[in-house]
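What follows is a set of structures for review.
Look for subunit A in each of the two complexes below; its partner is subunit B in the first and subunit C in the second.
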Partner chain A sequence: MVWVNAVLQGAMLGGLYALFACGLSLMFGVMRVVNLAHGDLSVLAAYGSVAIFDSFGWNPFVTLLVVVPGMALVGAVMQRLVLERSLRIGPLAPLLATFGLSIALENLLLQIFSPDPRILPIGSFGISSWQLTNQLSISWFALLTLGVAVVVLIGIEAFLKRTKTGQAMRATSDDPSTAELMGIDARWIYTVAAVIAMATVAVAGVFLGMRTTFTPSSGPDYLIFAFEAVVIGGIGSVRGTLVGGILLGIAQTVGAQINTADPVLAGDLFFLAVMVLRPRGLFRSSVLA
Partner chain B sequence: MKTTSPGRVTRATRTSHGISGAGAVVVAVLAVVPVVAGLNIVNDLTQLFILVVVGTMWNLLAGYSGLVSIGQQAFLGLGGYALLALADHNGVEPFLALALGALFCGVAALLTSLVTFRLRGGYFAVGTWVVAEVFSLITVQISTLGGGSGTALMSLSNFGPTTRLHDTYWAALVCAVAGFVGVWLLLRSRTGLTLIASRDDEQGARSLGARSGIAKRLAYGAAGLGCGAAGGLFLLSNLDIVPSSAYSVNLSAYMIFIVLIGGLGTIEGPVLGAVVFWAIQLEFASYGAYYLIGLGTLAVFMTLVFPGGIAGGLRRATRVDPFPIGYVLHQGSDRFS
Partner chain C sequence: MSLLEVDSVDVHYGDFQALWSVSLAVGAGHALAIIGANGAGKSTLLRTIAGALYPSSGSVLFEQRDISRLPAHARVKLGIAMVPEGRRLFPSLTVEENLKLGGFVRRAGPWSLARTYELLPLLGPLRHRSAHQLSGGEQQAVAIGRALMSNPRLLLLDELSLGLAPIVVQHLYEVIPDIMATGTAVLLVEQDIGRAMSAASYVHCLLEGRVTLEGGPAELDHTAVRAAYFGIRPG
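Let's look at the complex of A and B:
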């Protein structure tokens, strides 16, 4: 029963990782950019929520109303000021620029908010759970996180498949210059992608902050988890990202059951094993290549 | 220089010979610095040489092989711990342990390339980072090497401080010169040509018969070896090692910064960048977070506005390639490059 519980809790944790991963996956899928500041941006969102809570005492869920549009705006600005320019320079430039951004952002947060761990308080909802059997229970909050991840991922998939902008985005992803010949404004499409990606990053960051404590240095860890979820699931596959996140979560909680010292190591080793055995991930790309 | 024989190929110019000669003089002067200078200067310069090594290695990867790694700290940490294990636990002479540790890191880099080379571009970058995290997490579990709280290198304690700092200085100088000349010669070789061709167009290079996979692996192994040596040198000069800083991703930030400011994809760039970074570090490292905010912002700025760095600017202004790696064809008195 201990193991069933570990798998169950891991799957719930995986919901959070999938939420982190979808922004990373979208940015790569559309622009071929791996945003190395991804984790720090989500921590920025969490601190944004902290700042609102500290000043106005809003419930962290309500802060999403401000943090999500705020981060979407950050996404648009980052796209226009940094990513667009770096994409023109060459394939290495976006990596270097976003890495520089990540270092600057992490230390800026450190300077403003101190290295003390913070958490976003959600009261009794954070600790209440759904008792399945005597030994099995699921936290309502974890279930909600998984639910939000599923909704966000399905939403992104539907957006890419069914809306006109989504179709234009897929076309731009395949071949930006041909898409432009067909009258698609690639610059606009890239900005939309960055805005959506950062909105999901905001949700992920705030949910992270409600689930557990975080510090200004937490960003890189979540970048790595997000990245592992994307690669395990298969780069470019939206559904794969969800499954990848869940598998990573399970690997970590089951790993913690075997050796309590380090759950993260178990997740990393699982990721490396997938890379060796199935380098293209478990799912082949279905929507974005 | 005027020539009448058609189709003559040169690989160096009078200027580049002069610059190499001047470089040799600088190295000779640096070699006698410990005899005349105080230990503080010796120790500071040792740090500079280590920065030259890591910058040169990172440039070999990102500048010439198209491999952006943000996981080279894996080999810096591993190099330090290999030296610790060999010298303190197996009684190997510390400077021999430095060399053996570096070799070990070269082999480790080749082995990890079996995994990380399955990923491309940005995914390769994060993949190397995961490998570094795994190395760090495993090191934390090894209690005989100090576990998570780190440990000190004991086997140098019977050296006096002067001997220790002097020997480390010379070892670091040897590594910096060997790294610099080694990378330059590697890039002048056939393998270097393959690397650069594959960086610019991998499919094109492969279709012309270039064995880019082998060349890239070789470069990755060489960079692992160089970073392993640098990690060992860090331990020899600091005398203590903690996984959280030995495997810190900030080390990658420093390497990226050195190469970006000096000039990505130039031979001399990492040396110039290392000098600038070293000066910044001596001056501003005590400012903590502000220092890193500045570094990060400057890295973004350099990438976007001056992608050529200092070396790129100098090369454009003077039209001199101080460390040529290519072939220049002279036909009659005309010169094509």
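Let's look at the complex of A and C:
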């Protein structure tokens, strides 16, 4: 029963990782940009929520109404001012630019909010759970996180498959110069991708802040988990990212069951095993699907 | 009055000059062919007209408007469509999604999904197939249909025959008169001189980035064409 519990809790933790990872996966899939500031941007979103809570006392869930559009705007500005310019220089320039952005964000947050750990209070909802059996219970909050992750990822997949802009995004991901010849403005598509990615990062960041404490330097840890989820699932595959995130979560909680000292290690080992056995990820897809 | 006018265009790739003062004009409903050997600058010229490259001097006029600095995606809205060299289909999209994407700009005109399947009947049964599972000829047909879906006034065809069997090329060229019948002008680039001469009413020959010969297919004699094509001095 302990193991069933570990798997169950891991799957729900994995929902959060998938939520973190899908923006990273989308930005890499569409414009081949590895956004090293991804984790820090989610922490920025969590602090945005903190700021609203401190000033107005809003419930953290309600702050999403401001934080998500705000981060979407950050995405558009970041795309136009940083990524687009650096992409023109070469494929490595965005890596450096986002690394710089990561450091700048972390220090900016340290200046404003101090290094003290914070948490977004959600009251009794955070600790209430659904008792399945004597030894098995599911936290409502963790279940909600997984549900939100599934909805967001299915939504992104439906957007890519069914909508005109989504199809144009897949085409641009395949071949940007030919997409231009079809009348598609790649700059616009990239901006839309960055906006969607940052909106998902905002949701992930706020849910992270409600789940556990964070500091201005929490970003890189979550960047690593997002990376692992993306690579396990297969780069550019939205469905793969969901499965990758969940498997990573399970590996960590099952690992914690074996050795409580270092739960993250088991996740990293699982990630390495996937890298060795299936370097292209579990869902083989070189393109967005 | 011409639909497209290219006026003394120079194009550079960095320090290398690929086109030297090239001029041409195409009227609505007409077909112009550009012939020349590998590296003569044919594709460069077509890509300059499509907007994938900008001229370093000279101008490209479309319906009397200077579009030399207009990005490629904006030119599609004006009615310039291109079938790029090597087809360049979107591999992660199905045949039908590729075709629909050609109609991304939603220009009004005669070409719809149904009409495109009518013109290229081989595509009907393949519509849900992924683009990378097709043969070369099928891919080329999708590329043509995709370009038509934007209802172009000017269709640029870059080396339709590249890597395809002669019988397949024959079938693809048979649709060109149907396309021109809708009033669309066709500008085609071809290495196959015979094919170009029979499809177009006017021919330009490029050699090392310069127009070395031009005229109607009937006026051009074999020796002159060969000289212009390969750069062999007659006599």
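One rule holds in what follows: the second predicted complex is superposed on the first by the 286 of 289 C-alpha atoms of A that agree within 3 Å, B and C clash if a C-alpha of one lies under 4 Å from a C-alpha of the other, contacts with A are read in each partner's own complex, and residues count from 1 in each chain.
Note that contacts are C-beta pairs under 8 Å (C-beta built on N, C-alpha and C of every residue); 3 or more make two chains touch, one makes a residue touch a chain.
Just so it is clear, the structure is predicted and the values come from calculations on it, not from any experiment.
In the superposed model, A:Lys164 lies in contact with subunit C only, and not with subunit B.
In the superposed model, A:Ala229 makes contact with neither subunit B nor subunit C. Once the two complexes are overlaid on the shared chain, A:Glu180 sits against subunit C while remaining clear of subunit B. Applying the stated contact rule after C-alpha superposition, one finds that A:Ser86 touches subunit B and leaves subunit C untouched. Touching more residues of subunit A than its counterpart among subunit B and subunit C is B. In the superposed pair of complexes, A:Met78 makes contact with neither subunit B nor subunit C. Taken together, the subunit A residues at the contact with subunit B in this complex read 28, 32-34, 36, 82, 85-86, 89-97, 99-108, 110-111, 220, 223-224, 227-228, 231, 235, 261-262, 264-265, 268-269, 271-272, 275-276, 279. Here subunit C touches subunit A in the complex through residues 50-52, 71-74, 76-77, 81-82, 84, 88, 90-93, 97, 100-102, 104-105, 146, 150, going by the rule given at the top.
Those residues of subunit A that touch subunit C in the shared complex are 164, 167-168, 170-171, 173-175, 177-186, 287-289. Residues 62, 66, 68, 70, 114-115, 118-119, 121-123, 125-127, 129-131, 133-134, 137-138, 140-141, 249-250, 252-253, 256-257, 260, 264, 289-290, 292-300, 303-304, 307 of subunit B touch subunit A in their complex.
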